[in-house]
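Listed next: structures, encoded as structure tokens.
In the two assemblies presented below, subunit A is common to both, partnered first by subunit B and then by subunit C.
Presenting the complex of A and B:
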């Protein structure tokens, strides 16, 4: 029983990061209407920036987090300005391939400049753990989960309680309608895309603490985020939360109960995408 | 009045791109002459570059075949890998190579019908994500099968194709590229071309017009994956060694896509020209950019989408209607 509870807890903690990455992606899909295949690369940039701050300046990743988030927000806004903006009205294929190219470019640029090695960030709380009755929780994991929760709370507050958030949701619902009532759609797009990238970067900082920074670290998370937003329904922000928990917990269950589960748990999210897509296409609502 | 309307309307002469056909002819003559040139000390190296350029051409053109029916796939690495693994496993089971090659390709073709059937009703990014997921699932399965079956993560050794004769291997690759071009031209000149174009431009409309969408989409999948699997067989026989991470690498799905878009989508000449340019550029840049050569593919893909959406083939037929091949 304890093993089962421990598994559920691990899965739940893991889902915090998934939810961060996926809500960023959901924002760019829902508001801007762009499926950003380079989302994972913004996570990777965040992870490397946190590693650089920690390795060269000795700043704890959790302290450099706001600066990193702001920097990547800027990079995202700039990306929107120079590339995404020009394909907003182009066929979906072109949008997809553009971000795909951007992702390949960023990932391999990192590979070229920094090499394929994984870089770990060492923190004083790395080996700490919390005891909850019979259950144990790794310190960094708990901290990361708390951060993710706090950020998601802020995001949902902004989206549902502020003018900017209302504008974003208005644009998501109907671009032309939003324009008619005087919303500067281009500005909202830029901000939404920037925030989306910033969220990925925050997740990247947490990943650098929990795992490591490497050029390819973003890809796995981006693919899992795709699985989550596909499950939640494209652009559905609240669906992202339960879908993340579902993914995290199923992965943990596979890891614990399937023999040789470490290798197979990476296939879980692919099966989920596949299952959802196929089920949905046969029920007829896309 | 009645006389005017009774006069038969002159049938529009079908536009046919003789120039594209000529360019293809020149390409094949040059490619055929290449291994017989006095290449000097670097002969082996140059033949290897030539060989992989031809393989890249097969991959790109077969990807384009599938794309013509509106299915922009990220599963090409899967069929490439299935070809490579199918070939290696058949050889291991004692099947002679001449039979293992088509058998491996047909196996990949039948697997593609399964994938095509499942993804039939997905479009755009859903299709892309599902095919990407499919590739990863195939890779994970092969990696996690017992090592005695498919070598696991360590990979498999494959006997050299044609006993390691470089010229022979090159000519075999050229023959398979010729086969691919033949299939592509046959599709272009048959009613498949119109069916694919109709499905690509609007599936519902195509269905209303009486196009059997299911059959044509599956046909595109089958043709495309059989050819991609043949490219995988060539790869396995040339490198002697295949592993799940290399064969099913995302790069093997990205390169054909980028190559086709850069060369010119929905044409026969475009993907081949694209493969030649990008592959040679890759070799030239290999010493400068080392392990990050995909940077070039990423950049080329972005720039093509932003500034050259019709590819290099589109450059010289700018403003000309029809006549694409």
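Presenting the complex of A and C:
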């Protein structure tokens, strides 16, 4: 029984980091309407900035988090201005190819400038944990989960309780209509894309503490984030949390109870994408 | 103008007829820690060789190629070195996957290969019939022989009986895993867990929970540097009581030794900078003089030894004739940072350099890798966690 409960807990804690990555992607898809294939690379930039702040200035990654998020927000806004903005009205395939190319460019730039080495940060709380009877709750993963809850709550609040949020939703629903009533659509898009990249950077900072920083670290999480937003419904922020929990717990159960499950756990998210799409099309046909 | 032309002509003439060695390494990608270390080793050896008069009376030339840690990139890079740059000999080679990929072109062009890495048995199969293949790194079964020997000692001295194995699901971790498990069982160990994991996923929570339920004395982990910290973190967080966490990644993450979580984690290395061998001390001093720092990656001295021995053989052969150089390299008996280098048969290839006797087992103790076994090389007693 202890093993089962610990497995559920492991899955729940893992889902926090998934939700953090997916929330930014959901914002980008929901508001800007662009599937950002470079989302993982913005996470990678966040992880490297946190590592650099820790290695060269001795600043704890959690303390550098606001600055890193702001810096990557800036990078995201700049990316929007110089590239994304010009393909907003282009066919979806062009948009996808652009972000895909952007991802490859950023990853290879990191490889050229920093090499393929894995970089780790050292913090006093890295191995901290809370003992609940026979169960163990890992400290940094619990922090990631709390961050995910707080950020999703804040995002929800901004989207549904502020003027900017209303503007974002209006732009997402009808770009031309929003423009006609005086909303600066271009500014809203830029802010939404910047925030989406900033959220990826927040996840990157936590990934640098939990795992490492490397040019390819974003790829694994970006793939899972795609599965999550497909399950949640494209652009549906509220669904991101439950979809993340479902993915995290399913992976943990497969890893623990399926023989050779470690090798199968990554198939879980493909299965979930497959299952969700088939189910939705089945419902649509009815 | 005349002076410039003359200088150009002199330079061109001094390079003409120089012996060229192509070096294929993972300078980027997953294996770049080892690849970059090897590159430094080659550059150091090149300096020393050319200071001592070069090869066949001319400065030796190196042409580096980056295989990107990917077979698809390695093949065109190898072919370019052999056919466009027209190198006389090929050296380098770290990853098994890229070495298997280039085995076809190597045989097609009958290339002379002085190969430093690639320990997997399929590489041995791929080059078994290649008459110019000199392999310096011990094959995987020599590595395992060394690990099994160490674990047997732990069984006797520390009553270690239960082993849990965590292995990555690619060829590096999975190839020969059944043979590994049966060898442990044959040696009297209980293999209480053998679990696959996806390298780079960093999600070790369920695996460690499962290991905790199995109560192992040793957690033997076969994976890459990306897995080192996430695994060590999870072991600590879940308070998994182990005698030893033992890993065999090709390289360790940068700065891992400075992290408290690395304390007492053990691993395998062909060489450590603290090795007392006189040749090792000489290497460390020369390396520090050239690069201003030291290295803990054994691929640096391995590359150094590789080029020095190849250059010595070409000089002894008096030409770049492959048969003559192969005959001289086969006779090699030189002191190295790893101990003496000689070539003898392995299970399938003709010329195998280092074998199981060259491995050192170390532990991360106080911000450094400290040799703990074999006893004659141990600098500190091993820390057993139970």
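In this section, the second predicted complex is superposed on the first by the 281 of 286 C-alpha atoms of A that agree within 3 Å, B and C clash if a C-alpha of one lies under 4 Å from a C-alpha of the other, contacts with A are read in each partner's own complex, and residues count from 1 in each chain.
Everything below uses one rule, namely that a residue touches a chain if its C-beta (ideal position, glycine included) is under 8 Å from a C-beta of that chain, and two chains touch if they have at least 3 such contacts.
Predicted, not measured: the structure shown is a model, and the values here were computed from it.
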Check: Touching A:101, do we find subunit B (first), subunit C (second), both, or neither?
Finding: first
Next item on the list: Using the touch definition from the top, say if A:184 reaches subunit B (first), subunit C (second), both or neither.
Entry: neither
Next item on the list: Give one of first, second, both or neither to describe whether A:173 is in contact with subunit B, with subunit C, with both, or with none.
Entry: neither
Note to self: Is A:139 touching anything from subunit B or subunit C once the two structures are fitted on A? First, second, both or neither.
What the structure shows: second
Checklist line | Which superposed partner A:13 touches (first subunit B, second subunit C, both, neither) | finding: second
Margin query: With both complexes superposed on chain A, which partner does A:162 reach: first (subunit B), second (subunit C), both or neither?
Written below: neither
Next item on the list: Quick one: classify A:154 as touching subunit B (first), subunit C (second), both or neither.
Entry: neither
Notebook entry, point to check: Who does A:212 touch here: subunit B (first), subunit C (second), both, or neither?
Noted result: second
Next item on the list: Identify the partner contact of A:266: answer first if only subunit B is touched, second if only subunit C is, both if each is, neither if none is.
Entry: both
Check: Which parts of subunit A are in contact with subunit B and also with subunit C?
Finding: 111-112, 116, 260, 263, 266
Notebook entry, point to check: Taking the complex as given, what residues does subunit C use to touch subunit A?
Noted result: 26, 28-33, 36, 69, 166, 169, 195-198, 200-203, 205-207, 209-210, 213, 225-226, 228-230, 232-234, 236-239, 253-256, 258-261
Checklist line | Sites on subunit A touched by subunit C in the complex | finding: 2-3, 6-7, 10-11, 13-14, 55, 111-112, 115-120, 122, 124, 126-129, 131, 136, 138-141, 207, 210-212, 214, 216-217, 220, 251-252, 255-256, 260-263, 265-266
Check: Which subunit B residues qualify as touching subunit A in the complex?
Finding: 72, 118-126, 128-130, 132-134, 136-137, 140-141, 143-144, 250, 254, 257-258, 261, 289-295, 297-302, 305-306, 309
Checklist line | Residue ranges of subunit A touching subunit B (in the complex, touch as defined) | finding: 35, 83, 86-87, 90, 92-94, 96-98, 100-109, 111-112, 116, 219, 223, 226-227, 230, 260, 263-264, 266-267, 270-271, 273-274, 277-278, 281-282, 286
